[in-house]
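Dropping the structure in here first, questions after.
As written, the chains take the letters A, B, C and D, and residue 1 is the first residue of each chain.
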Amino acid sequence: MGWIETSIMARRGVSGGANGTTHRLSEEDQGEYHYVYGPYAKPVMRIAPGDTVEVETLDAFGGAIKSEADLPSQVLNMPFVNPQNGPIAVEGAQKGDVLAVQILDLLPRGPQPAGTTALIPSFGALVADGLQMLNVPIAERVKKMEVTPEGGVKFSDRVTLPYEPFVGTMGVSPEIEAVSSLQPDYWGGNMDCPDVAPGAVVYFPVQRDEAHFFIGDCHGRQGDGELCGVAVEIPATVTVQIDVIKGWSIPGVRLENEEFIMSLGSARPMEDAARMAYRDLVAWMVADYGFEESEAYFLATQAGRMRVGNMVDPKYTLGASMKKEYLA
Amino acid sequence: MGWIETSIMARRGVSGGANGTTHRLSEEDQGEYHYVYGPYAKPVMRIAPGDTVEVETLDAFGGAIKSEADLPSQVLNMPFVNPQNGPIAVEGAQKGDVLAVQILDLLPRGPQPAGTTALIPSFGALVADGLQMLNVPIAERVKKMEVTPEGGVKFSDRVTLPYEPFVGTMGVSPEIEAVSSLQPDYWGGNMDCPDVAPGAVVYFPVQRDEAHFFIGDCHGRQGDGELCGVAVEIPATVTVQIDVIKGWSIPGVRLENEEFIMSLGSARPMEDAARMAYRDLVAWMVADYGFEESEAYFLATQAGRMRVGNMVDPKYTLGASMKKEYLA
Amino acid sequence: MGWIETSIMARRGVSGGANGTTHRLSEEDQGEYHYVYGPYAKPVMRIAPGDTVEVETLDAFGGAIKSEADLPSQVLNMPFVNPQNGPIAVEGAQKGDVLAVQILDLLPRGPQPAGTTALIPSFGALVADGLQMLNVPIAERVKKMEVTPEGGVKFSDRVTLPYEPFVGTMGVSPEIEAVSSLQPDYWGGNMDCPDVAPGAVVYFPVQRDEAHFFIGDCHGRQGDGELCGVAVEIPATVTVQIDVIKGWSIPGVRLENEEFIMSLGSARPMEDAARMAYRDLVAWMVADYGFEESEAYFLATQAGRMRVGNMVDPKYTLGASMKKEYLA
Amino acid sequence: MGWIETSIMARRGVSGGANGTTHRLSEEDQGEYHYVYGPYAKPVMRIAPGDTVEVETLDAFGGAIKSEADLPSQVLNMPFVNPQNGPIAVEGAQKGDVLAVQILDLLPRGPQPAGTTALIPSFGALVADGLQMLNVPIAERVKKMEVTPEGGVKFSDRVTLPYEPFVGTMGVSPEIEAVSSLQPDYWGGNMDCPDVAPGAVVYFPVQRDEAHFFIGDCHGRQGDGELCGVAVEIPATVTVQIDVIKGWSIPGVRLENEEFIMSLGSARPMEDAARMAYRDLVAWMVADYGFEESEAYFLATQAGRMRVGNMVDPKYTLGASMKKEYLA
């Protein structure tokens, strides 16, 4: 990935090159998975900045939905959903630093059909019961899909979709809170944004010593907004290289790939997430790319892009981006 | 545009071919421009279904901002902004029909620099005063830009952006209301969605006899959300072909181009616009493409796209789309 | 009403005393009722400032729901609901003035049971279908109630509620828009706020010559928020005295009674209506009661009250108030 | 308090009478205060159902603002604000039970002036910076006020307000999350609702063994919405009697006093908190007062009251209430 050499990471003195140790975090290594992002769990592993980790993640249901007959209301045990690997302690990371996580690879694991989506009672953007309505809930339903890099996502006999995998949930521990892995926020978490994909570096603001990195909830693909609340959920092997950038303080999650830089905002209502994302993008353009503030505001107005990550989680996540060709 | 032959329009018996009369609606023909979408203005022109109209639109400021020294608070006279051409009466159109508007061309008019953007007090997604805050307003500013199809948008010495023109405001008259041309809604209006561009057909639900079509507010380009509230505003010549589809009842604006179908929702908060858009997309997939409802909901979850048109107008406009290759 | 002598109105030189002419606007005088607030209708009556008008209003359904067997989906003809009396032209009123409307009396008219409420498909704060959901709508239902000043509202065999009548919809014409009488905004309209009651003076910002005042939609009573979307709707005789205050410019609707002053905000999401209301209350305290701005902000924080008028209409209406004893 | 004998608590077999042991939890007993509601802290005390506890709370700033010269940005150390007493373990309480907390008394502690309010940068309902805006923040300011039960709140030379004390933050531990004491949610927390006052019983849904009760953030008084984000903050001695109701499962916080029952909802945007509150009130009326659901929906529409607790915290809290006289 040649662009890494010109990335923000590189400009701040971090190579991003694969010169560290490679660790493996298998299901067995992980043992007990976690359901909160917080400082109260003991690290499962300690790594050095620059190291790479291959992680075996479970799907968002912890594998409990084995067939289309396994209804969520029967097999899920709230709040024990969206299991996370970690925490991985990163040596030297401190509050006020940035953890730079480069996603190198993401592959489905386990028997086919590996992909699961579902209509879950009281959940999803187009159902009433989650919004405290009087209507009768819609019917539950599970759909299983074959998911492979080469064959894509076999959505149905009629439709096959491209394999465009990404990490649904990833981030660092808050300083004193321990928050459900279903929720996204400034530390990352359940952002469900399809740009958090192989080929991207994601920047997280470290909140505590050694960062305590969590990861899970991989998706074979997803549309904007994760409409029904459940993407193409897969158990996966995801490979990430983790670096620490000292002396870079950011208010929330940022992302970079070959094409663009992106600031992510997580909030409700949705316009607050959008404002948060664009406000940080403008600040980033001013700080790192030499734009005067109103000029950055104008350029975001004329050339900014907005990705709707999720519109179903406890906070909605949107990402405001700017093509690098306009930042040169 | 070969895809027109397989469009929804064609499937409903409307050719979309340029076999009608071509009319011209110049500034002089228009005379007095309009600032509301409503049934109380006398049509400036009556056309037959299938006819084409070349319209000379003013920019959103009615040309009042002639240089970067013309501050909005001094030269604008609210509510007389966002002037609209029309209404154009379309023979035979009735409440319950659909007006299909194919955008054939869009060119800047007048002397260069033709493009204007501005920071307007109390307006824009990242300023406080429009949200009833106690803070001091940010400074006003105007930026003028050269805009040509071949040279693009000369944003600054440093940045040139592609010319990607679209129609900011377009639609039909409500039945009994006359609503500001600054507002989008189910009848169209100020949607500020960049997909309302040459190469698209936009479908509007007719609300009254002869539809009474309005159009204006063309943009040389715009980012998602129209962040500061003002795109690259240009006076333009826009060419549209207008058809009537009998017996197709739709709840709001829909759009189609070679690549995708899109449902547009306009509402606040933003998630309501997003839900409205996706809800109609699901309904459209069920009605016209043979999907069972939960299957359409699942497919929108895994493959839907969401475009944030505007996040600054009285209602926010978002468009939910599905690629045609997944609908085949 | 002795407090009128010390009211804002009086301090601005308007007596509010009943020394003008009294007019009557019966159903027959009105003839055709109106369904939009706008400048395009011819005044039904012209009065002088200080005059009093007794108005015969229809209920929000125009009387179409005659029994509990008349289901809304069958007897209503959208958008022809919430019929309004007026417009009443008020001599001398100009854009930039305030129309001061003192509510003197409000009595039910017609045969008993005079009161109607209903569950209407796709409408109400606790139903999904208005929010574009996939759920099956809840069942329609109509409830008729006897409503008298002395006997109160006979809600059911089990519950009788006090007669606490108010005007659901009232205001002035916008300058160029004609907006559905179902919507509230800065000009008034369908605020559905129970404080717009006998004993109050309501202040509206005049938008055009002679103001063009509309009134309708009287309620026998209503809880905060008008939860299901339909209050105790009654046909009524409502008596108002109408004055003009020159040289007082206000951004939206204000209200005053013996106990408090109130600023009303109408917007979505609800917090924007709340901010709008409190922001104007703070400005009012600064302008008319001599508070320094941060002191007014502090006092609103410690002693402000917030009334949720409606949480069902196209914009939600909330009223922020301050007791007069703290303003002395 | 004679009404306790007819309360929901009593109807479920819990006396609420002061027949248990009285404990004291002084500043010294508490030692380290807590800044999250969660299961990871060791209980500071274990009590039996029916016991009473007198708690010495700190003010929301932990006493760091000693004079009007102590600016929040200088003396506060985020996230260590809003210190909480507890957790208090309650014997026998289990997930699925209700913790019934009767507030018996609330008195200011310490030297006068005991009350503090402040304008804090990036915080408050009428400032822009918390909403990610580009505007310059408003100036910080601190106001100190004498607060006594007999003399009230000495707001200024001009204004004295009644002493109407309540508990700003109170609740039970979530099951696996540890959430900032600045946030309200279904377990209670920072609701900032003035009805959580002496004379009320507050019902919390227990999430884990022995409930783990937290309390802090007492207020000398507050207006609806806690507009600037800071009430009349006081260090206090608050006395509560704590009971356990077995076999009563509730989805969120409920409250009861002599006059009414109330359901509290905490969410963003504000209408979601309002819906949540009303939805639960309707469910409560159906379950415990024998109303058919649409009848409860109608009655809430015509007689429900809505209290805006806070419109500044990470979730807004609103309370929907019904007078007991209509439930008889």
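Points worth noting:
Quick note on the criterion: contacts are C-beta pairs under 8 Å (C-beta built on N, C-alpha and C of every residue); 3 or more make two chains touch, one makes a residue touch a chain.
What you see is a predicted model; the values in this text were computed from it and never measured.
The chain with its Cα centroid farthest from the Cα centroid of chain C is A. Interface comparison, C-D versus A-C: the pair with the greater number of contacting C-beta pairs is C-D. Matched by residue number, over half of the contacts between the chains of A-D recur in the interface of B-C, chosen from B-D, B-C or A-B. Spacing of chain B relative to chain C, judged by their CA centroids, is 34 angstrom.
Distance between chain centres (mean CA atoms), chain C to chain D: 34 Å. Here the CA centre of chain A is 48 Å from the CA centre of chain C. Under the contact definition stated at the top, the residues of chain D that touch 2 or more other chains are 126, 131-134, 138, 268-269, 275, 278-279, 282, 297. Chain A contributes residues 35-36, 38, 40, 79, 131-134, 175-180, 265, 267-269, 272, 275-276, 278-280, 282, 293, 297 to its touches with chain D in the complex. Per the touch definition, chain D reaches chain B in the complex via residues 126-129, 131-138, 269.
By the touch criterion given at the top, residues 117, 119, 124-126, 138-139, 141, 143, 153, 155-156, 159, 161, 221-232, 268-271, 274-275, 278-279, 282, 294-295, 297-306, 308, 311, 316, 318, 326 of chain B touch chain A in their complex.
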